[in-house]
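Below, chain A partners chain B and then partners chain C, in two separate complexes.
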Partner chain A sequence: MLMKKNYRSERHVPAKDIEACGLFGVMNIRGQKFGALMAIEAIKNIKVRGNGLGGGFAVYGLYPDYKDYYALHIMFQNKDIKAKEKTEDFLGEHFEIIFDEEIPTNPQVSLFCPPLVRRYFVAPKKGEAEQAIPDDEYVTSRVMYINTNIEDAYVFSSGKDMGVFKGVGFPEEIAAYFMLDGLYEGYIWTVHSRFPTNTPGWWGGAHPFSILDWTVVHNGEISSYGTNRRFLEMYDYYCTLHTDTEVMAYAVDLLMRRQGLPIEIVAKIFAPSMWDIIEHLPEKEKKLYTTLRMVYAPLLMNGPFTVIVAHHHEMFGLTDRIRLRPITAGAKDDLVFLSSEEAAIRYVCPDLDLVWTPQGGEPVVVRLNSEDHLKSLNKSI
Partner chain B sequence: MYSYLLPEFAIERNEERCIRCRVCERQCATDVHYYDAEPDKMFFHEEACVGCQRCAVFCPTNALFIRPHPAEYRPNSSWNREKLQDLKKQAETGGVILTGSGNDKPYRIYWDHLVLNASQVTNPSIDPLREPMELKTFLGRKPNTLEIEFNELNGSEVKIKSELYPNVSITTPIVFSAMSYGAISYQAYKSLAMAAKKFGTLFNTGEGGLPLNMRKEYGSSAIVQCASGRFGVDPEYLNAACAIEIKIGQGAKPGIGGHLPGEKVSENIAVTRMIPQGTDALSPAPQHDIYSIEDLSMLIYALKEATNYEKPVSVKIAAVHNVAAIASGIVRAGADIVAIDGLRGGTGAAPKAIRDNVGIPLELALAAVDKRLREEGIRNKCSILAAGGIRCSADVMKAIALGADAVYIGTAALVAMGCTLCQKCYTGKCTWGICTQDPYLSKRLNPEITSQRLANLLRGWSHEIKEMLGGMGINAIESLRGNREHLRGVELAEWELDVLGVKGAGE
Partner chain C sequence: MNNLNVKFGLRNMFLDGVRPVSELVQHVNTNGSNAYIDALGLKHKELNDLLRETALKGVTSITVQNVFGQRYIGTRLYLPNLAKKMEIKIAPNPGNDLGAFLNGHRLIVYGNAQDGAGNTMDDGEIIIHGRAGDIVAMSMRGGKIFIRDNVGYRAAIHMKEYTGKVPALVIGGTAQDFFGEYMAGGRVILLGLNLSKNERHKAHYIGTGMHGGVIYLRGRVEEYQLGKEVGIRALDSHDWEIVGQYVSEFSSHFGFDPAEILQEKFQKLLPVSTRPYGKIYAY
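Let's look at the complex of A and B:
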């Protein structure tokens, strides 16, 4: 599916980025839309978790007028017009472009090397032989083509009725640049503030990381990166960004989108219970968890991480099996919050009904029109 | 004919310390030491000494010093002492020079040129004394995906729909390598079985069968071998075990078979191997029903049929030049485990020319096999067992990071039992009671004690592995598997790093 880059030896695969980060996500479980303010204020409150080298937002319910079309947010580095032409030729060849425009920005906000960012609302234009390919697969492979083959072009997001805004800067600067507060509304907002330790800022390298309508914001360093990456390669996912987040995003895509496993199961793959606990479970569960660990051992995400994953109708948070990175959940009326710090949640919603710290490996699953998030409350610390 | 050979070892006896207790005389299997009552003094025949150090260890007054013999020919890098001695030996006998244990030549030992990683700042190291650290490993084929039936309304109702393949679980990724009853003594063989059972891992029967009286107790800890001689193979034998291994080759002697001399085939060995007592047990070089990959597939499925598809089937090969392609074929032929035995793998007896010159180092073979299986998308269809020259827990870590699921240890286990690598296994006169069928010698091993030594070894290594894993910020061994990011090479050439798929230190 993705483009394979041929290295003479694995030795030449670039080293991965190392980063730590701040995360925040909020969802209205009745699907009511709201503006960017909460996300911006919350992430501002945990400014120390970023260092101004990357920030970004994912918004769901963003484009109700074009909700049947794939919304491609594409950046062109150095405002490279050649890249834009090449990309548009490619898009014209493979998609019907319903509408496209430059994403409006505030010229008063000065940021490091801003690229040209445009959005395209498209429908797949499949050839005879491609009719059997599901739309999602079709779009994914085209997106990956752009990312790996057109220099200076990079797709931020490619889902329907959603979008990712990201860049180099503190997240509140990114928000101001794209004028998120005022222009857009959504029923899920996730936001990320980045603290890379070994890479200069690159607009495409900021989070959220997205494929189709799936977005991932992530904090942590995965010690099992090499094992995970090599396993994913067997399923034709080739890491091009060399970040832990990318591995996490592909693993989510493989297990949830392609293999259709629910997050409750996927959580037990990413952050499985210890054998000592599994041994003492009732026979049926013991068998299930043993089998999951046995089969998906290479997808165990070892080392500290917290992740907030979203797609339409669902947002979930998960921390690693021994909870080396914090995650906190909170709820007030129809709003459910997830964040790497309780302070961020309290700052935007001082009178929470509930606030809890989930166990390592216990996902907080926030679903539209459901109270599933409360399940993790019983198992909280 | 008068021998022109120099003695291999020089013996020095401190006469002041010697109390003439004659322990050395009784312990020596090659009759080196002898006592003369007239001057009340111990003497020795130096030329018979193999340097096993048994007498030195058992001397109650530490009066004995056994060292490589200092006599030297004129120094010559090409025609060195070993070459000259071998030439003289062959001139005297006209035979093939035999030897035992593994290749001792100075080929590069890649383990010593690979260093491991540890966490600093960006992620925490984990303390294995305070946090769980998991080494549990499964050997066998894994499905590509798990189909799971999931009731959305009731999260606890989860059912696995996919068909699963048989897997064997072990508590530490270390398995005892194939050493047959016949090659080693019953006591040594039983010690391995007892230790494996005690520790929750496996031992490999080798090609000499599994004695009837051991099946009930140790069958579930045994990988039984089906080799070219088919000794001791019948349905009961196969079904007594937890896994079956087809032995194609051995790292110490790729391409050749084996020969257990008739004088070693005692009554119990004869019964276990299903051959007449006192006859030579000859293992042909190839398996004569496997002349190609599809023949191998037929044998794999014959063994699976015989065991109702309840046991994983392993295929063991020696690491040779195109090992990656061969391993790929083996997986496609239906094997659940591929065991790769490298250049340094041990043996009870092999022609020296072959032991020292045929095959490739395990490290390179392992990296190449793992890479190839991943490229073909079939890595999870099998487990990889790496064998041949694993000397310590760090070697185990490095092997797993290069892609092994678990390792086989043979020589390391023998050393734990007492072996000193004197390389005279083929003589049947092992003073340590390991590689001998002489009851006077083999009774020196008490399986109760020896198995405890072996279990101690596994325990010590497992602790060290946990420490190193924790240092990397990893708390389950599966997250190290094939994780070459945690390895760096030092003093290696470009091509070596490329084959290993490992960056140079600092890269």
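Let's look at the complex of A and C:
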């Protein structure tokens, strides 16, 4: 996987890389905010699922003081000042920049080649001809422009009142580097350990992947990446991060934000039931699922995956239809958890009220001020 | 894309920072042939090292508390010369591959197990007072597993048997898809005790690729939930003897009434071929 000839560590490297990505997500369904501690402790508990080459967090409810502005987290590879200047020129042209700063980091935490990471709170500055374009579209297209046209600059978070922190290292190292525990609070935290599939670990390639306020953390490998990517290009999404999970973030944005489909339907597009199961469904469902499979065939996500997707007010977990990657959900009072392993949940919340594992392809949907997550219970074990 | 590809730094999560047993003594409390281990903060290997050390000192009954996801519990206890096999009580949440390659000991879990419980288990017993995750009893070749609640995907995948060694898996709840996939031997009993009246088992593709062994299934299942490689049969008196024996053992572990369980209808699932894919892959 990694180029062996360049490996210089004394430490033992297994002949076969057997880690499997660790995922964890927690949401307070009443919107109460809490710190990073639970996410950090849980992901440390499943440390063997990671390998120190990628870690990241997504936090919702992060910037209450700037909640009406798009918070752009931008990394400049190699601390490239030219890229920063070019990006800031571009931002100045297309946005009102309300406030910007370097994201504070802890200099005592040494990580592998950290880029310069800055955040910009911006409002769209539309020309006369652009007035009819919705803000979200406007921002998405500008993000795509920066990612594809300005070398060494990557916008890795672009939603309102939320943010992604990620990089090369173990998640707890990333958390320490960005000082997540102490500086920030949110009502949803998702976290990922390990590294981007089939790509050397690099800062932009770590999970979560994000567009607007949508974030995805993923365990597995989307083998339909090529098909998915080409389909998404028709809708002006361009994949620049060299790994499969990116398509999931854009597909979710397309289906849920732009086309307004609920996750319950989107789950059946990503992980549709097998034809021989569809055959035995009641007529109405049979028609629906057949239609979905035909209309959205290029968005079927093939290969093994578990994802935790979040945006404001909602977090959901989903596996591929034959569950080639694990997921466990748990609940205690207002907290709902999703994780690769039950132990990670129990470690941070030993007295859980409920633990369950849904069928492959059945989403666990956690919504603000609702108990929709319990809907997946009756199909689970 | 970037010229900073990480070319070093890949770390071994299993072995990095593992402390020697001598530094972990405060986690163990031994009293004659009994011992108590506090697993909080122990890495997978540390806990298994401690278990082995404790076993070598002649302890036969160990209680392990505060287990949160430590893997391979029981695996390193291959001690064929022990006079008496061990009993290990574990709570609340052992990690993946619980009892992998288990060498005749008895593991009792007070809580839930995760994926891969009983992986290639050789002999002994695993008793789980809760549920278990995916691929329970994968490639199991001997011994018994009793699970009170449900199991995840692909339980009993490629379970096998040889001459006198016939593994058994008894599940009190229901299972998810690909139950008994590629099964090559052994006995699996699925009781469905937590299903409501007339509720079908949840699994689809039951026994896909099955070419040996037998599944006894209590409760309802539709024919389309079965893989193409299995057929349904009625139980004969020999089958009832086997089922009765395992159900009473299951009941004694978890406090059920075996007579009540045995009242319901059982079906026997058998492979229709010993070589279902022979025509596809043979050349």
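Quick notes
Going forward, the second predicted complex is superposed on the first by the 357 of 381 C-alpha atoms of A that agree within 3 Å, B and C clash if a C-alpha of one lies under 4 Å from a C-alpha of the other, contacts with A are read in each partner's own complex, and residues count from 1 in each chain.
Here, a residue touches a chain if its C-beta (ideal position, glycine included) is under 8 Å from a C-beta of that chain, and two chains touch if they have at least 3 such contacts.
Predicted model, so just to flag it, every value in this text is computed and none were measured.
Shared-chain residue A:E233: touches chain B; no touch with chain C.
In the superposed model, A:G303 lies in contact with chain B only, and not with chain C. Judged by the touch definition given at the top, the superposed model places A:M294 against chain B, while chain C stays out of reach. Contact with both chain B and chain C is seen for A:D276 once the two complexes are overlaid on the shared chain. Once the two complexes are laid over each other on the shared chain, residue contacts for A:E185 go to neither chain B nor chain C. Of the two partner chains, chain B is the only one that A:G220 touches; chain C does not reach it.
Once the two complexes are overlaid on the shared chain, A:D100 sits clear of chain B and of chain C alike.
In the superposed model, A:I322 makes contact with both chain B and chain C.
On chain A, the surface patch touched by chain B in one complex and by chain C in the other comprises residues 8-9, 11, 276, 322. Those residues of chain A that touch chain B in the complex are listed here as 8-11, 15-16, 18, 20, 197, 220-221, 223-227, 230-231, 233-235, 259, 261-262, 264-265, 272, 274-276, 285, 287-288, 291-298, 300, 302-304, 321-322, 324, 375. The touching residues of chain C, when paired with chain A in their complex, are 1-16, 44, 68-69, 71, 92-93, 95-96, 112, 114-115, 131, 133-134, 149-153, 173-178, 202, 204, 222, 224. Across the complex, chain B meets chain A through its residues 119, 122-124, 126, 131-132, 134, 136, 138, 142-143, 145-146, 148, 150, 152, 155-156, 158, 160, 164, 167, 371, 374, 377, 379-380, 472-476, 478-486, 497-503, 507.
Within the complex, the chain A residues that touch chain C are 2-3, 6-9, 11-14, 17, 19, 45-53, 77-78, 112-113, 152, 168, 200-204, 242, 276-277, 279-280, 322-323, 326, 328, 341-344, 346-347, 350, 355, 357, 359-360, 379, 381.
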